[in-house]
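Several structures are given next for inspection.
Shared between the two complexes below is subunit A, which pairs with subunit B and subunit C, respectively.
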Partner chain A sequence: MTLKLAVGLGIAGIIVVFGVVGPLLVGNPSTVRDLGLTGPGNGFLLGTTQTGQDVFAQLAYATRGSLIIGVVVGALTLLLSSFFGIVGAFVGGWADEAFSLFTNIMLVIPGLPLVILISSYVPNKSIWLVAAVLAITSWAGSARVLRGFTLSVRSRDYVLAARISGEKRWRILFVEILPNLIPLLASQVVFAVIFAILGEAGLSFLGLGASGSFTWGTMLFYAQNGLALRLGAWWWFAPPGLAIALFGAALSLINFSIDEIINPKLRSQTRAERNKWSVKS
Partner chain B sequence: MRYLLRKLVFYVAALWAALTLNFLIPRLMPGNPVDLMLSKLATKGPVTPTTRAAIEALLGTDTHSSLWAQYWTYLHQLVSGNLGTSIAYFPEPVSQVIGQTLPWTVGLIGLATVISFAVGILLGRAAGWRRGSWIDNLIPVTTMLQSVPYFWLALLLLFLLGSTWPVFPLNGGYDVYSVTPGWNLPFAQSVVYHGALPALTIVISSIGGWMLGMRNMMVSTLSEDFVVTAEAKGLTPRRIRSRYVARNAILPSISGFAISLGFVVAGSIVTEAVFTYPGIGSALLLAVGNNDYALMQGVFLIITLAVLGANLLVDLLYGVIDPRTRARS
Partner chain C sequence: MSVLEMREMVKEYRLREGLRTTRLRAVDNVSFELTPGRTIALVGQSGSGKSTIAKLLMQLERPTSGSILVDGEPMQYRGARAAAYRKAVQMVFQDPFGSLNPYHTIGHHLARPVTLHHPDFTREQVDERVLELLRRVRLDEDYVGRKPHELSGGQRQRVAIARALAPEPAILVADEPVSMLDVSIRLGVLNLLAALQREENLGVLYITHDLATARHFSDEIMVLYHGAVVEHGSADDVILNPQHEYTQLLAEASPAPERRLAELGH
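And now, the complex of A and B:
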C-alpha cells in the first residue's frame, strides 16, 4: 500500500460515503427559503443559493447523482470495451479487423459534440439515457488499449499450451487470459468513471443533462445562471467543481498505483538509485 | 506507400461513418425537427422552397421517398455546400455562420493545444529524466488540474482574474467598441488580450496528460538496453536525453493525439460558453438553445471533419518520424 494509493482511496472513500449517507442526513435540497443569497454560517454549512436553498444539501444529493452516473457509465463502458477489445482480439481474423476498424472510427469521432447533438433531440431525459449516451461515446479508447494487451497475452506460450492441450475456447478466454487483464480493466474502469463524471458535468452545465436530477454539473449550471460568479458567491460555485476535481484526482491516484503494479518500471526511483542497485547485484 | 494507403482508406471510412451518423441521428430521434425548424423559420421571415428542400434533405421528412433516396439527396446537399438556414443567426445560411466562427475556434484551440503539447512534453521529459526530483513531484499537481472540469477552471479564472482582479476581459473575442476587425495592430492586440484567458484555461487543464504520458515513456525507454549502450559509449547525457530517449519516448504521445484532441475539443466547446467566445462552440450552444437543428448538424459535421483532418495530419507525420510503422504494414 503506497502513499498514493492510500490518499486516493481515502479521498474517494470519503466522497462515496458522503454521496451515500449525506442525502439521508440533510434536508430537502429544493426547499426555497426567504433568505436570499447568504454566505456560510447561520446553520447553513455552505450558505444558501439565491432562492435560499441549502447548498450543502444540494451538494450531498449532487454527489449521489454524479456517482450514480459514474458507476453506471463505468459498468457499461467495461461491457462495451471488453466486448469490442478483448473478444475481437481473441477471435482474430476478420472479426478482429472489423471490430478494430469500428473502434478506431468511434475513437476519432469527437464524443462531447455527439452527446450534445443526441441530447438536444430528446427533451426529457432520464439519468439512465444520459449514462447510456455517455457510455456509447466513450468506450472506444479503452477497447483499443484492451485489444493491444489481449493480442500480446494471446500469443504467449502458456496460452498456446492450453490450446494444444485441448482446452475449450471460452475457458482459455475466461480462465487463462482474463485474469491477466484484470489490473488493466480496473484502470480502464476508473478512467471511464472520471470521464463520465466530467462529461456529465459538462453536459449538465450546458443545460443538457438529465431533467430533474441533481449532479455536480447541474449545481454549476444553476450557479452560473444565478450569476453566482458576478455576485461573488464562491460558496455556491466552488464546492461542486472542487468535488469533481478531488474525486477525479483521487481516482487518478488509484490509477497510478494500479499502473505501478502492472508496470514496476514506473515505480518512483531515481536513476542514480537504479544504477547503484544494478552494480551491486 | 502501403502505410499511406491504409491510413487514407481508414480516414475515408471514418468520414463516411461521420456523414452517415449525421444523417441518421435526426431521423432516429423522437420528435419532428423539420416541422419545428420550419415553423420557427416562418416566424422570422418567408421560407423559400430551396431552404425548405435543404432542411428536409438534412433532417429528414415524412415524405414517402425511401431512406436511400433521402441519403443521396443529403449527400448531394453536402457536396454543394448547402447546409440549410440557421434560426439562431437568421437569415444567414449555416455554412456562412460556420465560416465566421470556425477561424476563432481553430485559432484558439489550435494555438492552446500546440503550446500545451510542447510545454507538457518538455516538462515530462525533464520529469522522466530526473525521477524523484521536484519536477517529478509536479506530476500529481498537474493530474489534479487535469481532473478539474475545463468550464469550472474557466469560471474560477474568470472570477479571480476577471472580476476580483480585473486583469483580463470578461467575455468576447475582441473589443467590439474600439477596434474594427481586419488586419490591423489594435485588432490583433485585442484578439490576443481576449484570447489569453481561454487559452490559459485549455493549457492548464490539458497539460497534465501530455506531461504524464511523456514522463512514463521516458522512464520506460530509459531502462532499454540501447540507453545503457549509449551511456557505455560515453555519450554526453544531453545527447542521450534528446537523441536517444526523448526521441523514442515521444512517439506514443503523438499517436495518442487522436484521443486527446477529441477531449480538448470537447472541453473547449464548454470553455467557449463560459467566455462567450465567438467560436464554433458558442454557435453550437446557441443552436441548442434555439432548437436550431440545421446549425447543430452543421457544427457537428465541421468539428468531426476538423478532428479527422488533424488526426490524418498527425498520422502522416507519424509515418515519417517512425519508420517502423511503414515497415510493419
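And now, the complex of A and C:
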C-alpha cells in the first residue's frame, strides 16, 4: 500500500463514517433558534446559521446526502457505461456501431445546460432525480474508454483460446474479459463519484438541486443566500467547502493509486526518482 | 474423426482506402489433408497466409470460398457437430505471453476445457485430469495454483500445449509454437510436441518459417508464398530438391554445415 492510497483511503473513510454515523448522533438540522450566527463553541461545535440552525448537524446530514448522490451516480454510470461500452465492443458488428453512435451522441450533448433544463422543468425534485440526471449526462466518456479497452482484450489470444475450446459467449465476457477490466472500471467509478458530488454541489449552489434535502451544495447555497461571506461567518461556508475539497482529493488519490496498479510505469515518476534511473543507466 | 481436409480454400479481405475498396487474397486456393499420426509443416514468410489458414481451421475466420471437410462431410459452424469439431481440432498459439489470461491460474486454464469436454465430471475428476495434463507436459503439479506471470515462456507454452490437449483432440494446429521462446528451450518444446503426437496419434499442422525444424519434425512440407501453395511434398524432397524459387531461397538461407565446410576447405 502506497502513501497515496493510505492517505486517500483514510480521508475518504473518515468522511464516509461521518456521513453514515453522524446523522444518528446530532439533533434536527432544521430546528430554528434565537441564536443567529454564533461562532463555534457555546454548545454548537460549528456554530449556528443565520436562523440559528446547528451547522454541525447540517454538515452531518449534508455529508450523507452528497455521499448518496455519489454512490447512486457511481453505480448508474458503471451500469450504463459497461453496457454500452463493453457489451457493444464484445458483440461487435452492427450492435457495436449503434452503441458507439449512441455513446457519441450522449458525449456531445452538453451536460450542464441539459441538467439545468431538466431541473427547471421538474418543480419538486427528489435527490434520486438529480442523481439520475447526473448519471445520464456523465456515462458516455467512460463508455468510450471501456469500449477501446474491450476491443483490445477481445482479440487477445487467451480470448481466442477460450472461443476455440467452446466456451459460451457470456462466460467469455464475464470470466475471461471482465476481470481484466476491473482496475479500469474501478478508476472510472471513482472518477464518476467525484464528478457526481461536484456536479450536484454546482447545481445546488445555482439553486437547481434537490428540494428539501441537505447536501454540501445546498449548505453552500444557503450560506451564500445568508451573506455568510460578507458577515464573516466562516464556520458556515468553510466546513462544506472543505468537505468537498477533501473528499475530491481523497478519491483522486485513490484513483491515482489504481492507475499505478494498472500501469506500473506511472509509479515513481517524480523528478528525483527519474534522476536516480539516469544515474543507474 | 480421423481425416481433416481443406479443399480449394480462398480467403479474401476487403481493404478500404478512402472510397476505394481493394481485395487482398490472403489464402489462394489451398488444399491439403491432415491425417492422424502425420505432421504437415506449413512454411512461409510473414504475411504469406500461414496464420490465416490456422484461423480458418479454428473457425475464427469464415472462408470466402472453398470448404473444410471432416471425414468427407462439410464442417458446421453451429450446433452439435460444430461442438464436436471444436473438441477434435485444437490449437497452440504463437505467443505464450498472450495466450494465457493473466487474471486466472494455470489450474483454471486447464480445468475449463476439461469441464467443457466432460460436463459429467465431478470436481475431483476434473482436478485429477488437470494434474495428469500437467504431468503429460512435464510440469510439476504445484503449478496448478500459479498465475501465468510466475512462469517462464517455455513453461507457459507447455501449459498452452496441455490446454490444447485437454479436450483430447485428434488434430493439433501449432502456430509457430517456439518462435517466441528462447533458442535454448525450443528443442525441448518441439520434442515434447513430437512425443505427444506419437503418444496420442495426433495429426499436426506445424506452422513455422524455420525449414530446419520443419524437416526434422514433419512428414510433409507445404511451402506457402503469397497465399498459394507453391510446393508440397515429403519433407526430404522439398528440402533437398526445391523446385520453386522461394523454396530455393529458403533452403539457401538455412545454415548448412556441409556447404560451409566445403567452402572453407576448398
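Miscellaneous remarks
The rule we apply is simple: the second predicted complex is superposed on the first by the 268 of 281 C-alpha atoms of A that agree within 3 Å, B and C clash if a C-alpha of one lies under 4 Å from a C-alpha of the other, contacts with A are read in each partner's own complex, and residues count from 1 in each chain.
In this text, a contact is a pair of C-beta atoms (placed from the backbone, for glycine too) under 8 Å apart; a residue touches a chain by one contact, two chains touch by 3 or more.
Note that the structure is a prediction, hence the values are computed from the model and not measured.
In the overlay built on the shared chain, the residue A:Ile118 is in contact with subunit B alone; subunit C does not reach it.
Residue contacts after overlaying the shared chain place A:Ala245 against subunit B, while subunit C stays out of touching range.
A simple residue count on subunit A separates subunit B from subunit C, and the partner touching more is B.
Contacts of A:Leu101 after superposition on the shared chain: subunit B is touched, whereas subunit C is not. In the superposed model, A:Arg163 makes contact with subunit C only, not with subunit B.
Touch criterion met: A:Gln224 reaches subunit B, while subunit C stays clear of it. Residue ranges on subunit A touching subunit C, taken from their complex, read 156-158, 160-167, 176, 179-180. Every residue of subunit C that touches subunit A in the complex is listed here, in rising order: 58-60, 83, 86-87, 90-91, 93-95, 98-104, 112-113, 116, 160, 163, 166-167. Subunit B contributes residues 10, 13-14, 17-18, 21, 25-26, 29-31, 33, 129-133, 136, 140, 143-144, 146-153, 155-156, 158-159, 163-164, 216, 219-220, 222-223, 258-259, 261-263, 265-267, 269-270, 273-274, 284-285, 288-289, 291, 293, 296-297, 299-300, 303-304, 307-308, 311 to its touches with subunit A in the complex.
Only residues 4, 101, 104-105, 107-114, 116-118, 120-123, 141, 194, 198-199, 201-202, 205-208, 220, 224, 229-230, 232, 234, 237-238, 240-241, 244-245, 247-249, 251-253, 256, 259, 263, 265-266, 268-271, 274 of subunit A touch subunit B when the two sit together in their complex.
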